Structures are given as C-alpha cells and as structure tokens.
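Structure record follows, encoded as structure tokens.
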Amino acid sequence: MATIELLEVEKRFGDFQAVKPLNLTINDGEFVVLLGPSGCGKTTTLRMISGLEAVSGGTILFDGRDVTWLNPSERNIAFVFQFFALYSHMTARQNISFPLEAELGADIDNDLGLGEVGRFLSQRVFQVFMVQWLRRRHRAVINQRVEEVAQLLRIQRLLDRRPGVLSGGDQQRVALARALVREPAAFLMDEPLGALDAEFRETMRAEIKRLHIDQHATTVYVTHDQIEAMAMGDRIVVMSDAEIQQVGTPAEVYHDPANLFVARFIGSPGMSLINGQYNGQGMIRINEGNTYRIPDDWKASIERGLTGDDGEIIIGFRPEAAHVNGDGDLSARVYADDLHGGYSMLHLDLGEDTIVHARAGREMQHEIDEALRFTIDPASVRFFDPRTEAAIRKAT
Amino acid sequence: AQPVADAQDGVTELTIWWAEWDPANYLQQVGNNYEEETGISVTVVQEPWGSYFDRVAAEWAARGDSYDMVVGDSQWLGQGVEEGHYLDLTEFMTSEGLAETVTPATLQYYGEYPAGTGQYYAYPTEGDANGWAYRKDLFENPDEMAAFEEAYGYALAVPETWEQLRDIAEFFTRPDDGLYGVGVYTQIDYDAITMGFENVLFSYGVDWADENNNVFDVVNSEAAVAALELYKELYSFAPPGTDNAFFAEMNDIFINGQAAMIMNYFAFFPALDNPEINPYRDVTGYFAMPAGPDGDRFAALGGQGISVNAYISEERQQAALDFIRWFGQEEVQAEWAALGGYTCNINVLGSEEFLNQTPYNAAFAETMTFVKDFWNIPQFGQLLEPTQRYLHSYVVGGEGTAQEALDGMAFEHDEILIEAGLVEE
Amino acid sequence: MAQVSKAPRSPVLHSTRVDKVGFGPRLALRLRASLVIILTIIMLIPVVWMGMTAFKSRPDAVAAPAKVIFEPTLEGFVSLLTTRRQLLPDEAEEYRQRDDLNFADEIALKRGQAIIGPSQFPKQLLNSLIIAGVSTIFSVGFGVLAAYAFSRFKIPGEDDMLFFILSTRMLPPVVVTVPVFLMYRELGLYDTHFGLILLYTAFNLSFSVWLMKGFMDEIPSEYEEAALVDGYTRLQAFRKIVLPQAVTGIAATTVFSFIFAWNEYAFALMLTGDTARTAPPSIPSRIGTGGVEWAAIAAGSLVFLIPVIIVTFALRRHLLRGVTFGAIRKG
Amino acid sequence: MSQTTMQGPTRRHLSDRRVIQLFIVPTMLLLILMNIFPLIYSLYLSFTEYSIISTTAPEWVGLQNYRDILSDERFWENFAITGRYALYSVSLQMIVGFGMAMLLKEKFRGSGLLTTLILVPMMVSPVVVGVFWRNIFNPSIGILNPLLGYQNLETSPEWLVEYPLYSIVIVDVWMWSPFVMLLALAGLSAIPDYLYEAAAIDRASSWFQFWRITLPQVMPLLIIAVLFRTIEAFKQFDLVMGLTGGRPGTETVSVRLYREALQGQFETGSSSALAYIVLVIIIAISNLYIRALNRVREA
Amino acid sequence: MATIELLEVEKRFGDFQAVKPLNLTINDGEFVVLLGPSGCGKTTTLRMISGLEAVSGGTILFDGRDVTWLNPSERNIAFVFQFFALYSHMTARQNISFPLEAELGADIDNDLGLGEVGRFLSQRVFQVFMVQWLRRRHRAVINQRVEEVAQLLRIQRLLDRRPGVLSGGDQQRVALARALVREPAAFLMDEPLGALDAEFRETMRAEIKRLHIDQHATTVYVTHDQIEAMAMGDRIVVMSDAEIQQVGTPAEVYHDPANLFVARFIGSPGMSLINGQYNGQGMIRINEGNTYRIPDDWKASIERGLTGDDGEIIIGFRPEAAHVNGDGDLSARVYADDLHGGYSMLHLDLGEDTIVHARAGREMQHEIDEALRFTIDPASVRFFDPRTEAAIRKAT
C-alpha cells in the first residue's frame, strides 16, 4: 500500500559510516529482501525506513511524501525486530494485541469525525469514558484477531506466558505475531525467522508470502539466508560494506551478479572465478595449458569493457554451467567430490590455488586427483574486470 | 495571622509574637481577659525558641506587619531601634508614669536604648535572670554537713561566694554514686555559656568593656581570668554529658538527681516545683547568685520587654499602646504574676503575696535588684559569636589557658568594636 | 575441596541456578538473612529508643543511667496534642476536686497543668500531608517527564541544563531562605500551601530529574521503539511502556522526594506562619515547662514517622521489584 | 462505526521536538523562576556590605568579602572540616549502604519488610535526629554507652566532646546509608541475570564478578548517590547544630554560614560571598562526579 | 575431555514440564547435536548440563563424577548462549578476554595449592596484588589469544566496540569467540551460528569442527538447522515435546527414524508417509487401486510388530527411494513439480490427501495431473505403527 523511496539515504555513527548514501525504490506491494553479510547495514537501513534511526543524510519518501522526519508511529508500518523487543511486562497475548489497541484510539478519533481541536480534546477528555467504552466493544474483535494470528503462528498455548519464560523460537513467533496482527502500509522484517526450525520456517515463509499477497503490503525483509531470499523476494538487494552491491530479481542476482562480491556471495557455493589474461584475440590464457575461448557474442563487450591494459580478466560461472566433458576446453584435477543427494559437486583444481565447482550427475564417480576436462556453458559464463571488480556487461 | 488594618471600624484584634514556652501561654490568658474587657482579641503567636529570632529578623527584613507587638530579647533592642523596627515608646512610657512602675534595672535593660539616654522602646514584660536551685536534702544532711565542715573548715550552707559554691560543688562530686556538684551552662549555640559565665564575671567585678568600649585589660584582666578559671572548675564538677547544656539540661540533671546545684533562669524553675516532674521537689531550695571576691553580686539577665512594630498603621500602633497601658496596670501585673509570669512591677514584686507564692519568688525578687545584661548594641551578635566560641573551647574543649582564651576574645571584640566605630583605634 | 554439595531437600520448582539452590548457597542466604536482621536491629535501636521515650514521663526520660524499663505514660502524646497552662498550686487543688476531667486532663493535671485547647500539631500534620504529598506528585511528575526527555533525546545544551538543574540544590538553604522569603512576601506566597508546594517541588526536582534519568537510562529504548512502530505516539509509548518499566525508579524517587519534603525544616520555618506551617519546625522545640519535652518530641516524631512509613510500605513492592528484561537482549 | 478498520494514522502527532519541550519546559521554567531571583540577589549581595535587618542600603564593596573570607584562617579550617566530614561520611555511607544492598540483593522471606525497616532512619526528621542522637550519645542519660557495655560513667566516652566529628559522621551514616542502599538495590536488581550466568560459565569467582560486573553495572546509580550525598554533606547543618551545636572541630562551612547569616550577626553580604564560594566548590566536586558518571555511562 | 551422562534428568517450571526425564550419554570427545522444534527443551537441557538451571530430578555425571549440584564455574565448560549474553559494559575485546582473566584467578589459587579457606582468602587478599601482577604478566598471552580468536571469527576491527553498537551477527561472533577462547572440558553451544550469513556460517561450521577435533572437547550443540545437524553431529539427539525422540548418527536418524515425528521432522521434505492396511498376506492396501507389496524380509517383522488388530500401518520412504517407473507398484498423479538445481522434486497425489515426494531426474518432465507409477526401493522403505507412532524394527 505504499511506495518507499530512499534517496541518498545514509547513516553515520560518529565517524563510522554504517550505511553509505544509497538509493532504492521499493514499489507498492513489492517484496524486497535485503541480503548481505553481518554488519553490512541491513538493520540500520531498515531502522531508517521505520524512522527509529534518524538519517544522517538523504530523504525517505512514502508514496512520494517526505517522511524523513516523521515519527515512526506516523508511518504506519509494522516492524519485526531482529531481537524481538517484546514487552517483558506483558503476556504474549498483550504483546500481540498491543498494536491493535494503539490503532483503536486513532480510529475512534476518526469515527467521531472530530477536527484538530476536537481531537485534541477528545484524546484527553473523552478518552477516559468514550474510548474505554468503545475499547470494550472492540475488545472482542481484537481478541479474535489475536487468536487468529496466534493460530497461524501456533502459539495459542503460550498466549498467557510472559516473554521471559518463552524459548527463543517462541519469542520470535510472538514478535512476528505482533507485526502480523496489523494491516500496515508496509512490513519491515529483520530476520524474522532466524530462530525457527526448518519445518516451521518453511511454513512461515509461505504464510508471510501469502499475507503479503493478500494484503498487498509493501514488505522489506532482511535475511542472511540466501535460500530464503531467493524463495521470497520479488527483488533482492545485496548489500555489503554499507553499500548496495546489486538490486535485482533473484534470477538476475544469481545469474548476472553485478560484481565479484555478489558473484561470490550468492549461491552455495558461490560463482567459480578464474583469473586469466585476455590476449586480444578472443582467447583468455588462464595458466600453463589452459586457455579459454570467449564466446563470440562476448568479444566486443569484453574488449570495450576491460579497463586495464594488461588484459587481466576474471571468468565466472555457476556449477551448473560447467559440464565435465572429455573434450572440454579446460583441464583440471579433482580436488574433492561431495555427494549431495541427487547430484555430486565436484571441486576442481585448476592449479595456482584456483578451485572451481562443477555439478556432475550422481552416476559418474570421480577419483580424487583424477585429471579431467570440462566446458563452460557459453550462455551462462560471465566476465569481470579485476580492477573495478564489476561485471562486464554484454552488449546487446 | 495577617492582621487586617481597618481604619474605619477600629482595630479588633492584636497579634503578639513570642517564643513558644509557658509564659507565652500565660500572656495569652491575660490577653483573653483583655478581650473580655475591650472586645479586642489578642493572639499570642508562639514561635519555637530555636527559630524565634530568625523569624522576627526575617519579618524585620521585610518590614513586615505580621505582628503588632513582639516580646523580644533585651539584646535585640539595638538592632530594633537603630534600624527603626521598633516604635519609640519614650513618650508613652514617661508621660503616664508607666516607666516608674517597673524596677529600674529592668527598665534599663529591657526598655532603654542606647544605655543611659532615657529613650525607651519596650515595656519590661517578663523579668528573668539566673538563679540557683539546690538539693536541700544534701545540704541539710547532718552527715554531709559534718563531713563538709571537716574538709573545708566552714559550715555547709547556701553559698555566699563563688568560692564557697566551688567548694560545695567539689564536695558533692561523687561519680561513683552518680552525684555531681553542680550544673552550669555550656551550650555553644547562641548565648548560653556566655550567660552562665557572665554571672561569675560580673561578680568578679569585670564588665564586657569599659566606658570607652575598651576591652583590653577588661575582659582579659586578671579578675576575668580568675572568673573563667572558676567557671571551668565548676564545669569539671558537672555531670558528664553537660558539655552542651542550657536550661533544659540543667533541669534534667537536677530532676534525675545527678546535680546538687544547678544554675538556671527563674523562668524554668516552675518545672522544679512540680512533683510529677521533679522527684526532689520537696527538698529543692533556691538561692540568688553568690558574690564575687570583692562582694560584687550580679546575675545575668534574661527576660524580655514588649515592643511595638514600627511598620504597622498608626491606628494599630495606638491600639497596641492601649494594650500595653492596660497590661502595665498593677492589678493586671499582679494577675500576670499569679499566673506564673515574672512581673517587673515594683509593687507586685515587693508584695508579700508574691514573695510567698512560690519557693523561688523570694530569690527572684532579690535577684532582680542586681541583674546586669551584656551588650545591647546592634553588634551584640557579632560580639557574642567569638565569646561563645572562646568560652566553649576553653571550658568544655579544654583548649589553652583562660588567659589565652580571654586574650583571643578581647582581640576579636576589639576588632568588632573598631569596625562598628564604637572605639577609636 | 567441597565436592558435591548436598542437594536441597525439596525438588526445585523454580528456574534457578545450581549455585543458588544448593545447600551451601542456601546456607549462605540464611547467613545473609541473619546478618541483615542484625543490621536492621542495630539500625532501629535509635528509633526504638525514640519510641520508648515517647511513653516516658519526664523524670524517666532524663534518668541517669538510661531507663529501659519504665512505667509507660501518655504524657508525651498529651503534651504533643494539647496546649496547656501551668496551674497555680491552689488552682491545681481545685482542679483535682473536679470530676469532669477526661484522661488527658488527668495526665496534664499530674504535672499541674490544665489543658486549654488542642495544639497546632494535628493541623500542622495535615499541612505537612498536603504540602509534602502534592509537591511530591509534582516533583516526581515533572521529574519523570524531564528525565525521559533528557535520557532519550539529544538535546542541545543538555549537559548544561542538567547541571543547572543539579546546581539548584547546591546553594545552602541559609542563603536562599532570605531572598526567597522576600520574594514570597512580594508575591503573596508567604504562609500559603501553594508557596511551600512550589518551593518543595522546585527543591526536589533536581533530585528527581537526576535520579529518574539514572533509571531511565537503564531501560532499553527498544521497548519504546517497538511501541512506536506499533503505531503508538511518543506520549502513548511513554505512558504505556516507559512508565511501567520505570516503576522502581518512580517509587524510589517518590519515597525520597516525599521524605525530603516531609522533613524539610528551614524553609518551612521561614516561609510559613500559622496557616501553612508544617510539623517539622515545631517538633524539635517542644520546650514546655523548663526543659525539653523529650516524650513530646519523641511522640511527635513517632506520629510524624507513620505517614512516611506507610508511603514507603505501600511502595515497597515496586521499590524492590527490580527490572525484568524479558525479551530484550542488549549485547 | 467502523470495525477495526486499519487506516492510516491520522492522529495529531506531537513531534519529538514538541514532546521535548512539553517535558522539559515545566521543569526548567519552575527551576529558573524559583532560583533566578535568589541566585542573582544573593550573588549581588555577596559583593556588598549589607545586613538584611538593617535599613541601610547595601554598600558595594567589590571583592572585599571574598578577599576577607579567603584570607581568614578560620574559614579554611571550616572547609577542611567540611571536607573531612564529607569524605568520611559519604564514603562510609557508600560502603555501608552498598554492603547492605549486596546482602539484600538476593531475596529471602521477609527481605521486603526488612528493607523497609532499614529505610526508617532516613525518614526521621533530621532536626529530631540531631536532638535524639544527642540524647543517645549523652554519657549520663544516653543509651549508647550502656549498649556498648560501659558501666562506669567516668570511663565511658563522651562522644560529642571527645569525637565530635566522628559522632556526626556516625549519625549521618546511620541516617543516610539507607538512601544509598535503596539506590544501590535498585541498581543491583536491574542487572540482568544473564550477565552472571555468563560469568559463572566463564568461571569468574564471585569476587571477580563483583569487580567486573556488579560494580560497573551499578556504578551510574552509585555515582548519583555519591553526588547527592556529597552535596548534602556540604550543606549539612541540622545534624551538626543538633548534635554539637557546631562546637570547634565540627564547625562546618554551613554552620559557619548559618552563624554569619543569621545567628545574631546577619552579615548578609559576607555570608552570601561564603555561600558562593561553597557553591563553586560543590560545583567543582560535582563536575568530577559527573565526568566519572559520563565515563561509565558511555557503555 | 569429559564424558557427560544425564540420568533421568528432568526439569519442571512450576507445573510445566519443560524436559521430561531423559537419559543420555555423551562420550568423551563426541560431538552431539540437539535438534528439535522450538520450545522442545533444547536450551533447557543445555542449561541443566551447564548448571545454570538446577535439575528438578535426576543426576548429571561428568566423567562419572556427580556434578548435579556443582556450580557452573566448577564444571569447566564453555557456553555459547542462544542470546549471546555479552557483557554490555565491556568492549568486545574485554568480553573475549574475560574468561581468560577469570580463569587466571582460579588457576593461581590452584597453583598455590590453597584449600577452600585459603582460596577464599586468597581471592580477596591476594587478588589485589598478586593476581594483578600476574595478570599483567599474562596480559600479553591473553592479548595474543584474543587476537587469534578474533581473527578466526573475523572481528578484529570490532574488538574495541561495545556489544550495544554491534550488529546481530557480530554480537554472535563475539559470543562465539568468548567461548572458543578457552579450552574447556566441554563446549555447550546454543544455536551459535543462527545469526550468521550462509558463507560465514559454513566457514564457522568447519572451524568449530576443526577445533572440536583439535581439542578433543566434548561438544553439545543445539540447532534447529537439520543440515547443520547432519553435517556436524557425530550423533544427533532429536527432541520434541520435552522428550528425546531418537538418538543416533545422522544416517540412522535420516534413514531409520525411530518414530513418525522423527520421520516427518528430519529431511526436507520429510519422509513420505502413506496410511495403509496390512492384509496379513504381505500386501498393504492403500486405497482403491493401490496395493503395496511388502519386501519379503520385512514380513515377519511387521507381523510381529503391529499392535492393532485392524492391520493399520504406515509406509514411509524418502524421496530418493521412490523411482518413477512405468511398471511400478503404485499409481499416483503429479500434484506439483519443483525444479531443484540438478534434479526435480515430484509431489505425487495418491488420493485421500496423501501427498508423497519423489525425486526424479532433471531430464524427465512431468505434467501436472499426469498419472504415473512408481516403485519404492525395498532397501529404503520403512514401516510405522500408527497407534504407537513408533517405527517397526526389522528383525535381523
């Protein structure tokens, strides 16, 4: 229900730059995942969006309206805190109904159709009688809503406990419930599933997605779990070192990493990267005995894109793009071979400490140290400039 | 307590400030009679002793009219007069002969300022001075008498000189029996130890300064040193714990049987005449100050005169004067005395009725003939402070010698007097 | 080496650390408790002594050596609550004949006094209650608000303001009373309840701001943050989240402020006359007939203690509650 | 009337700035109003020769009052006494109060009641405390010496004469240790358990835990307690007057001040100057504490 | 360096049974993983082992010595708390060096050969001088150790910050560092990697394993991440509902779940389960048209193992054990088909809400709703008794 725009938003804590100026537009109803290693500024970014942390510079727009200096409560958001921030003096139930009760006050003012002054008065005078009365009427509605959410999160039996005695996972569920109980313009979630077990986490992913779709609520979701990011995000924002590295759909981020960081960070294992030297004639020399022929459609782009004179270049590919093939371009030795359920992951040593990964069928067995050859799928290969660390874009 | 100044309808009530103690209650009772007679109500507002002066001073500072009359200490006169807080009563006192109805000493110390000028600012209301209470059972015990005579060579009786008093005090000091010879003032707070010491000092023929306000060789003269040494000796015969003692402690050590004699203001002797308070009531006797080596006899003055606030309206001033005039009548003074107030009225003081009314009235009446007060100049407070300090340090703290203490005191007194322009350098 | 300490007899029902429930620790706790009891007794001896004195007759009160066993009397309370007049011997005799005397009269009469009316004490006690109560509410209220603002926001000149607030408590009252007295006279605040309330509020504010700030700083701000994003305004978050968390601090500040205002002496003395006079100035100077009325002072102090004890006792649960950090982990 | 329709917030929001103003302004206003006149007035008077009860106008004497005070040996002695008194009593209060808080930290049956009882000394009116302790200290009629086992009046100590300053310290500690205790207790109970759990795992001895965890954690509140106790110690007056009447050796600055300002003297000018000197000293000391406070608060 | 035995250990919080009496022996140098859904009592169990939570019943032995009522500090363990429990007033460096410094005190007491009383005194008297002096000497050693661990956890540059300003992941690393800096008899780790990003988490897994092997320290590791559990544990303890469900090696737990809970909980997706009715003749009737023939070697076991008279039985198998096969035993319809990198996961509908999972090669494409047949690898099939929920053991 809200478009969120961050314009040159940054955050400094004293001398320390926690978030460098960044620009990001999150469309109405979009599900954006912030992904990055720890300490890269995800939480800080989220907190700036929520208004809990004042920006050190830049502007935040909600639906085009400048909210940079608006109170958190004026932004109509729900926030799941990385560390839960449950109210320790309230039971789980009170924690969950807490946001609803805040809203109630707002609604009543609106219902009564009071103007500014009237509202001011009403908050003070009527509140005592009117609001109490209305609140009682709404109590049932609230209770029902709490029950619903509690059921969704399977915490019905915990509702009357205080957070202090709940287990970690249960606390996280209460925290999540507190956010989900409302229908805000935007959800901000900071690793909301981190403490949950795999089974339930999957359920919750589905639920969050469903809720997102149902409510069409803009969602910003922080996680360090790539799989989660891939599975849930409409777009993924990869952050590192207080900067956005890349913004894109899961497929873009996976297949077309914008730079070496993203290439390495996304995927498990990350992209295989091979240093080489472009000789100017469509060939990249990797080492003694290994030379890679650049796919034809890449040649021009590479020649244009390379910044250095010495032709230093990095070839990157995903394990699926490498095919072990008797007459492949490249030769390597098997360094290790992991069996992963239905396939095996080959770790190949190209010499000079360059290890690359290739996926192979289960049926093929490879001995350690066995020499073999492989090819890289020309449609999936990518190139990077080692100087700028950026990917070389393919001209179209 | 804010009196409503009402010019048209006349004054219907009057407010008197006094300290919080029994005499103030008696004054209230007298005041009630005044209301019966005149319809003008009189309220005696009682302020705790500890803060009485502060309260009045604050009122002065504000030129306030919260009170119409104040029963103030004699030493306040200087400030009250010099700064114009008190109404000049000279005319009032003299024109109708009111001044003659009270004893000259009280008139001089409670009412006159500056000394000797015949200007009056207060009507002597509560006469008071130091006297002594003693244990007759001890003094009249034949064994004790014999033992005393044995030891000191003269008969044990009410002391006539300070030396005798010292001997008796020494004689009765028997810590093992929990008995001590004497109780003397030692409190440092305000003026207690000075008061106590003054009794000796004056009797030793010493004053606080000579006519030229010179202090050297006066307050630190040989006689003064002897007086101070005697006072310190007396303190050594006092029960432990009287290191900071004033009238309350004096009565206490008498009541609990620790002291054979105590000095105290007459105003506090009524308590000793009460069997519920004083188990020794029936064997308690009273005497006036003993004499010094040269036969001088003086008692430190307490007591207060009543003054009129200079800052109230003329109507109120008049009403206040009317009250004082009424109060000064002999019948009223007699009633005042009967209630327990210490009148200064000559006739009442001399009446048989008064003398026999209580066991201590005779001593009181005797004392009132030789009372003497210290400074009443505005600088009295400044003078008092080092006096208290040096006396206390020497007597209680045992610091230095009497000569040193008095030298130091004289030096500071001199400085103060010079600064006040009362003495040429 | 103490190997395995013995297990407690009863099964442990509550979440506890081993070193808190074992035999040794429980013994230690017991020792601790005994030590505390002994300490408490020592601390209370003077108060108990005071309590005993309240029921002593004058000779007993000043007896040497001190009397621990004595015949209790209500003399102290009678002289605290009444004004009396010394009767002349014949008057007293006449009084003794009368049979319309109540027990208070009898007690007074024993000392040769007649009760002529109630004392100011009950009225002063009421004044004390009003003034100390209201000023405590104000000073704690304002203090909590200001402390919150100072604790949570970056305010330009914050340190200076805090220091100013503190410094208002530094000037000895002796110096301030006179100017305040003059000011109060001008403003017509002299001898009014409002005047003293104002003064005590101001006097306690510095303490309550500083103390509350100390407590507020300990409350993790994550709590309010959660409320803020849950749609609560600052004020609501403050009311619903911060206040409940700050209860310990509020209770402590209340107790202290109340005690200070309750016992304040110098200003009460100077700034009040008859109308608004509180009790403290009159308690220590009960000089009746020629001496300190120990029993009356003790009785007055005792009576005067009761409201403070009640307040403290009522707040005791909050005072000792401690803060529960449920689901906030700050590092 | 709508159900819980979740609409955008339309409440009138006070901006944080307004909230700050709303919260701070009453306090600041009240304090300024109540203090500005007395402060400025007495500052002015400190440069004059003036007696409050005199009708003569204040006479400007510049720094004379300050010069007099600073060149008067007795004032230095007053300061030294005050310093010693403050040092002894505040540090003892800290030790006793904090010690009691440590004992009461762990709850046991009746600990709530005991805590309340321990607070009682603090509740007694300070003026009465002075008067009563004088009675207690009194070798003849007091209870202290008998309790300490002294039988003979001659050999039993006269506290107020022999150890006047220590006697005041004793009473002050008796009275105000509970204050420190309550603050320390509040600080202690705010220390999250998990810190001790972690320390237990890390095999820290209880001594080590005390130094490394307990103390740093309660430090802020302790410093506030010290701060206020020190300020009060410099102003301490009732107790001294009640106990010793400010006899030599116990004449603290505030007793001196009282004497100058009121007791029969009404040296308003020089007493104001003295007050300002005291103020400067208190400010200097407070600053030290506050700096320490800020250092521990950095956490 | 320690064998840990839990004998009938249980924990009640008031009426609530957080851990039911359980028996578990953790061998010297073993790496045991506690795995289970949230709230099942993992943390509580760990805390009881550490002594932070007193047992409500039962006995805990370390190397045969009863430590049930021993203080945590006397057990020589390191604990990574689920919520870090960092010392908030100390820098990261001080946090990490804390155990070393604390230990120093303890060691010195031991070195001096002091008894209980002596220790008491020494702690108080000597500490001030002696320990301070020794500590200074040891400072260098400690610093070096801290640097090492910090490097391992890549937190060198955070060492001088306080926990309050660290990001979640960084805090967890500091917490981990604080535990790893010592060489205790046992490591207890409560989800120590939960807040870390995938890449670093993998590194840390390897490091923890390496450390475990190096130090031969008994380790109890709580996680809700099965993959982690499988990858790291010598044995896995599956808990649920305050009870141990199964203890076994990763393979045992995966292939031979002890009961339906483990079968469902382990694996992603969990074991496929089909309700059927044993007809007594080696056949299980599943539904109209689907009958499963029990492998011969199972027959006797099943007949012995079934408790009910009605022959109700549950067939279980892992996706890898189901092969799509034109003439397979069982027929089903394709319900969904997920592409997972190198293979695809088929969700097959057997009717009556029974969905099972089968892994198929990438090359085969299946239409939704297409009918197909599959077989279950007889070596991998398992059977459960629906009444007891327990697996039926195969007689050997």
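When the chains are written out, they are named A, B, C, D and E in that same order, and each has its own residue count from 1.
Basically, contacts are C-beta pairs under 8 Å (C-beta built on N, C-alpha and C of every residue); 3 or more make two chains touch, one makes a residue touch a chain.
On a predicted model such as this, the values are computed, not experimentally measured, just so you know.
Shared contact partners of chain A and chain D comprise C, E. Touch-path distance (fewest steps) from chain A to chain B is 2.
The chain with its C-alpha centre at the largest distance from the centre of chain A is B.
By number of C-beta pairs in contact, chains C-D lead all other pairings. Note: centroid distance chain B to chain D, computed from Cα atoms, is 39 Å. Centres computed as Cα averages put chain C at a distance of 57 Å from chain E.
Shared contact sites, meaning residues of chain E that touch two or more other chains, fall at 13, 51-52, 71-73, 83, 85-88, 162, 164, 166. Within chain C, the positions touching two or more other chains are listed as 15, 17, 19-20, 62-65, 178, 182, 231, 233-234, 284, 292, 325, 329. Along chain D, residues 9, 11, 13, 16, 52, 140-142, 153, 194, 197, 200, 262 each make contact with two or more other chains.
Interface residues of chain C, counted against chain B in their complex, comprise 57-59, 62-65, 83-86, 88, 110-112, 116, 177-178, 181-182, 185, 191, 269-270, 273-275, 281-282, 284-285, 287-292. Chain C meets chain D in the complex at residues 17, 19-20, 29-30, 32-33, 35-37, 39-40, 43-47, 49-50, 53, 62-66, 68, 142-143, 145-146, 148-150, 153, 155, 161, 163-176, 178-180, 182-183, 198-199, 201-202, 205-207, 209-211, 214-215, 217-218, 231, 233-235, 248-249, 252, 255-256, 259, 262-263, 265-266, 280, 283-284, 292, 294, 297-298, 300-301, 304-305, 308-309, 312-313, 316-317, 319-323, 325, 329.
On the side of chain E, the complex with chain A involves touching residues 13, 36-39, 42-43, 82-83, 158, 165-170, 172-173, 191, 194-200, 202, 224-226, 264-265, 268, 270, 320, 340-343, 359, 361. By the touch criterion given at the top, residues 50-52, 71-74, 76-79, 81, 83, 85-90, 98-99, 101-103, 105-106, 123-124, 127, 162, 164, 178, 182 of chain E touch chain D in their complex.
Chain B meets chain C in the complex at residues 1-2, 20-22, 25-26, 29, 45, 48-51, 54-55, 58, 61-62, 64, 66, 178, 239, 247-248, 251-253, 255-258, 264, 267-272, 274, 276-279, 338-340, 357.
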